[in-house]
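Labels run A, B, C and D following the written order; every chain starts at residue 1.
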Amino acid sequence: MNYQKILEEIKEEVKPLFGKGKVADYIPALARVGSNHFAMSLQLFDGRVYGVGEVDCRFSVQSISKIFTYAMVLSAYGKELFKRMNHEPSGNPFNSLVQLEYENGIPRNPFINAGAIVVTDILESIYTGEAFSKILEFIKEVSDNSKIDYDKEVAISESRSGFRNIALINMMKSYKNISNDTKDVMGIYFKQCSISMSTKELSRAVLFLANHGVDPITKKRFLSESQAKRLNSLMLTCGHYDASGDFAFRVGLPGKSGVGGGIVALVPELMSVCVWSPELNSKGNSLVGTKALELFTTKTGLSIF
Amino acid sequence: MNYQKILEEIKEEVKPLFGKGKVADYIPALARVGSNHFAMSLQLFDGRVYGVGEVDCRFSVQSISKIFTYAMVLSAYGKELFKRMNHEPSGNPFNSLVQLEYENGIPRNPFINAGAIVVTDILESIYTGEAFSKILEFIKEVSDNSKIDYDKEVAISESRSGFRNIALINMMKSYKNISNDTKDVMGIYFKQCSISMSTKELSRAVLFLANHGVDPITKKRFLSESQAKRLNSLMLTCGHYDASGDFAFRVGLPGKSGVGGGIVALVPELMSVCVWSPELNSKGNSLVGTKALELFTTKTGLSIF
Amino acid sequence: MNYQKILEEIKEEVKPLFGKGKVADYIPALARVGSNHFAMSLQLFDGRVYGVGEVDCRFSVQSISKIFTYAMVLSAYGKELFKRMNHEPSGNPFNSLVQLEYENGIPRNPFINAGAIVVTDILESIYTGEAFSKILEFIKEVSDNSKIDYDKEVAISESRSGFRNIALINMMKSYKNISNDTKDVMGIYFKQCSISMSTKELSRAVLFLANHGVDPITKKRFLSESQAKRLNSLMLTCGHYDASGDFAFRVGLPGKSGVGGGIVALVPELMSVCVWSPELNSKGNSLVGTKALELFTTKTGLSIF
Amino acid sequence: MNYQKILEEIKEEVKPLFGKGKVADYIPALARVGSNHFAMSLQLFDGRVYGVGEVDCRFSVQSISKIFTYAMVLSAYGKELFKRMNHEPSGNPFNSLVQLEYENGIPRNPFINAGAIVVTDILESIYTGEAFSKILEFIKEVSDNSKIDYDKEVAISESRSGFRNIALINMMKSYKNISNDTKDVMGIYFKQCSISMSTKELSRAVLFLANHGVDPITKKRFLSESQAKRLNSLMLTCGHYDASGDFAFRVGLPGKSGVGGGIVALVPELMSVCVWSPELNSKGNSLVGTKALELFTTKTGLSIF
């Protein structure tokens, strides 16, 4: 298949959609990013990469970081994990606090904010005081790229306006589902959300997930086959908040989006994909990015269904 | 792969689980079914079938009927469908009425009761007075089997105790999301839930869904490729009520369960599977059946992830 | 105090508010009532009555009927009552179905629709087949007026559009909190809501509640002192749906409103009051009527606080 | 009426109830208080006081402080208040966070924690940096007693375990319904909850509320007549969390309880009452105290209904 040609077509076909979404503006550091960016990268198992647009331009990965931290606890923490969070779609526009309260401080899944905060708390319990450097190290390793870093300005901006996330962690602390100091955990969490990566880097970083837990290029194993399968199924059922069903319906690939406008997706046993475009739809997922991935599976027939 | 041997192994390995679930007892006609039944059938594209246990014993398909009625409206009703229901996981143990109220009578997806009732209402609008006979006809056709029928006793039993379903339809009627007389629609709905089929018949009936909408044996097309893909993704994200995420996590195949104890699952481009065992887990899905399917994907490696 | 003069003043002062509310239009029979009506009646213990406006014009009492049916079960049914409903304000704009589901079919209080339907079910259990004629008889007796009747057209209209109420009763039936046939109970309920009375008649009918359960004119006792006190406290905390706190805050008297535009209120040990004006505010209570009662307590200083 | 004799009778009659409730144990400083305490004080307008039990023993006033802070903003802050909170009963066992989220950060009423925190925030806006000393000053003034103080140990204990309250304030901050720094506001809030007073002191402190806003002994006016009426109605509809309706039903007086085991109640135009007993019922109100007040209105006939 001529992937480069397909990417070029997609880039043309999504053009009319620019201006129809809205760049995340809850923090100034994100709002400042212009709205017209677009990049899409494919990474194959044999090392070949394809791309269109600003494939080297870094953006804030935001919630995409949740797949890396979850991968870290999956391999390090074992069964305890299942006592501290569920693995069901949240399916509720009011998910965050309402469900937490009904379900006694147990988050619905590790990809909503509450769940990802518990994951960060677990990492802090494992790597006391060094959780963030371990997160960064893990991402560098799966990316085979030592230059990845976070954006301090975004991290500070997040911590200054993250009242709802602070509400979430205190709520869970009241249910004894947070072990560490809430401020420490939030400090790590805001940093992990602020990691900056390009579509080329991100598609490289998630390649091991498309290959049963093993980086097909470096041959390093990061997850067992069973763990990788579980992470993929979570991305499919819970990767896009309240629009996860719609994404599965339209795109048909495991994926994870972030409010920075990035989306990663996996074609199991074949490749990983990353698209970036900062304007979001009403559910908080990249509007152009979602369409680009839908066009990709339509043109290639590479849906898992 | 030696499918027959794998099925035999599964049958042995699930034995210790009998007695750990609970047969549905909300209607006498279901409660009367003994608890120790087990059957599992595979249906391949080339016509080969494999099976263990009571593969010819018919049971009440219950919610599995929802995939057939939804397939009928998908091809007949087009875009109107998306105004009358969403396609997101419900993720709420209290889903039924709570979400309906918050979301103004629009069901979360076509596989929860509220959504399936809207689907039945649409069929009644299309086939005035003949909706149920059309449903039965469709199931006979996809099954390539003219002997399928419903169990009148179960249907009457359902209609006598279906107060919550009657609450649901009246709620939706108050939001003007039901077009026909509520009693007529419920009559059809209770009948469709009462259709009786064996695992061999059910695995045959869903085969077209594993093959992009075309029955690989008769070559008849029932859905377009895109429609089949959408139905599969819905089965994965919403097929098991509040345990859909767990099923995707553990089994990794599109599937649909019913309180009669049946579960169908699809291996895209390869085969369809059906398992039956009446004891349910706390989420209302067959306890032994779920385990059997988990063993099946573990042993065969046939997860979609 | 010159009550007649105060009533005349109130009538003048509320004039600018006409046209700011909205007549209930969920059934044609109510929508047809013009919007500019106004009537206000006082009934003293010594038999004196005061009034302004159309004090003899009958209107649909709707939810005001709930105080009469609750009075009937309070005296006839005893402690069983407290197992079948609570006595707390519902405080929830989505009260009806959401709370019923969270609280397993137990209504919040007897003045929301679900609770009043349980009350009607209890009456049907006591007076098999004759519940409605007993209700009418009771209202005639407390009113000392044999001419009170219900409006058949309104009752039919209610039953044709009462889908949400039918949802409520089926929901409660599924939790086994309804003993009789749902259609029978709803038939009675729709009739009791359709009873027609004037402000003069209604103020007379609730006089016993202002006098510890005894009609101060006929000297008949309808409730014990303790029962009357309880009914009064319920009217204060739950008498106006989601605006009960606001009514207590602004008016400071036990009261009960109906969507027909009527409101009754009690000045304990002194008098009863009834006001009618069909335009409703956003919470479903008479807009002009609420203001008239607020002016009444401000001018007379007769708040209970 | 022989009030002293009535109090002695009540003290005897509640004895069998000791041991049936549970002392608040969410902070060590409260858990340490023994469970068998009992005190009840009456304060009349002419200065006479009656009492039984440990009427001079101070305890933590906790939520009873909410009536004093609300009285302060009522007179100082005017209409702005009504934009920042509602005045309806919350009626929801899950009230705190669920309702806040559905209602966009606007608390249901000033007597649930979220509402009281907004009140404290308003006080901090008015008296920058001096809010707590102003609160203490106000309580000293209405008590006519300069020796009232807070318990530092309790305040520190509260701040160390108040995760749910911190969740509430951050949630409201995310909806922009908190103007000041969340830590500053919580510091004041935890201190106000830790104020220690005896039943004799508390009954004296709320006397002005029973007399239309004027202390009948010192003749000082603290609230306008209309403001006092509103505060009283709020105490009746919202003074006891999810058991407010039950308290109105059983006791029939405006009141406010705290988890320290205290309850104040008002007999308008006659007296104020305070009872203390640390064991709480399942709704978080003093079990013995509620019964004592019920006996009080039964014996004296002093319900407002």
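To be clear about the criterion, a residue touches a chain if its C-beta (ideal position, glycine included) is under 8 Å from a C-beta of that chain, and two chains touch if they have at least 3 such contacts.
Since this is a predicted model, take the numbers as computed values, not measurements.
Undergrad: Using the touch definition from the top, list the chains contacting both chain A and chain D.
TA: none
Undergrad: Would you mind checking the shortest number of contact hops between chain B and chain D?
TA: The fewest touching-chain steps linking chain B to chain D number 2.
Undergrad: Using C-alpha centroids, which chain lies at the maximum separation from chain A?
TA: Here the answer is chain C, farthest from chain A.
Undergrad: Which chain pair shares more contacting C-beta pairs: A-B, or B-C?
TA: Between A-B and B-C, the larger count of C-beta pairs in contact belongs to A-B.
Undergrad: Using the average of all C-alpha atoms in each chain as its centre, how far is it in Å between chain A and chain C?
TA: 55
Undergrad: Between chain A and chain B, what is the separation of their C-alpha centroids in Å?
TA: Spacing between the chain centres: roughly 32 Å.
Undergrad: From the mean C-alpha coordinate of chain B to that of chain C, what's the distance rounded to whole Å?
TA: That gives a centre separation of 47 Å.
Undergrad: What are the residue numbers in chain A that touch two or more other chains?
TA: 94, 102
Undergrad: Over in the complex, which chain C residues touch chain B? Could you list them?
TA: 94, 96-98, 100-102, 163-164, 166-168, 170-171, 173-174, 182
Undergrad: Which stretch or stretches of chain C touch chain D in the complex?
TA: Counting only chain C, the residues touching chain D are 86-92, 94-95, 99, 102, 108-109, 228-230, 232-234, 236-238, 242-246, 248-249, 252, 254, 268, 303-305.
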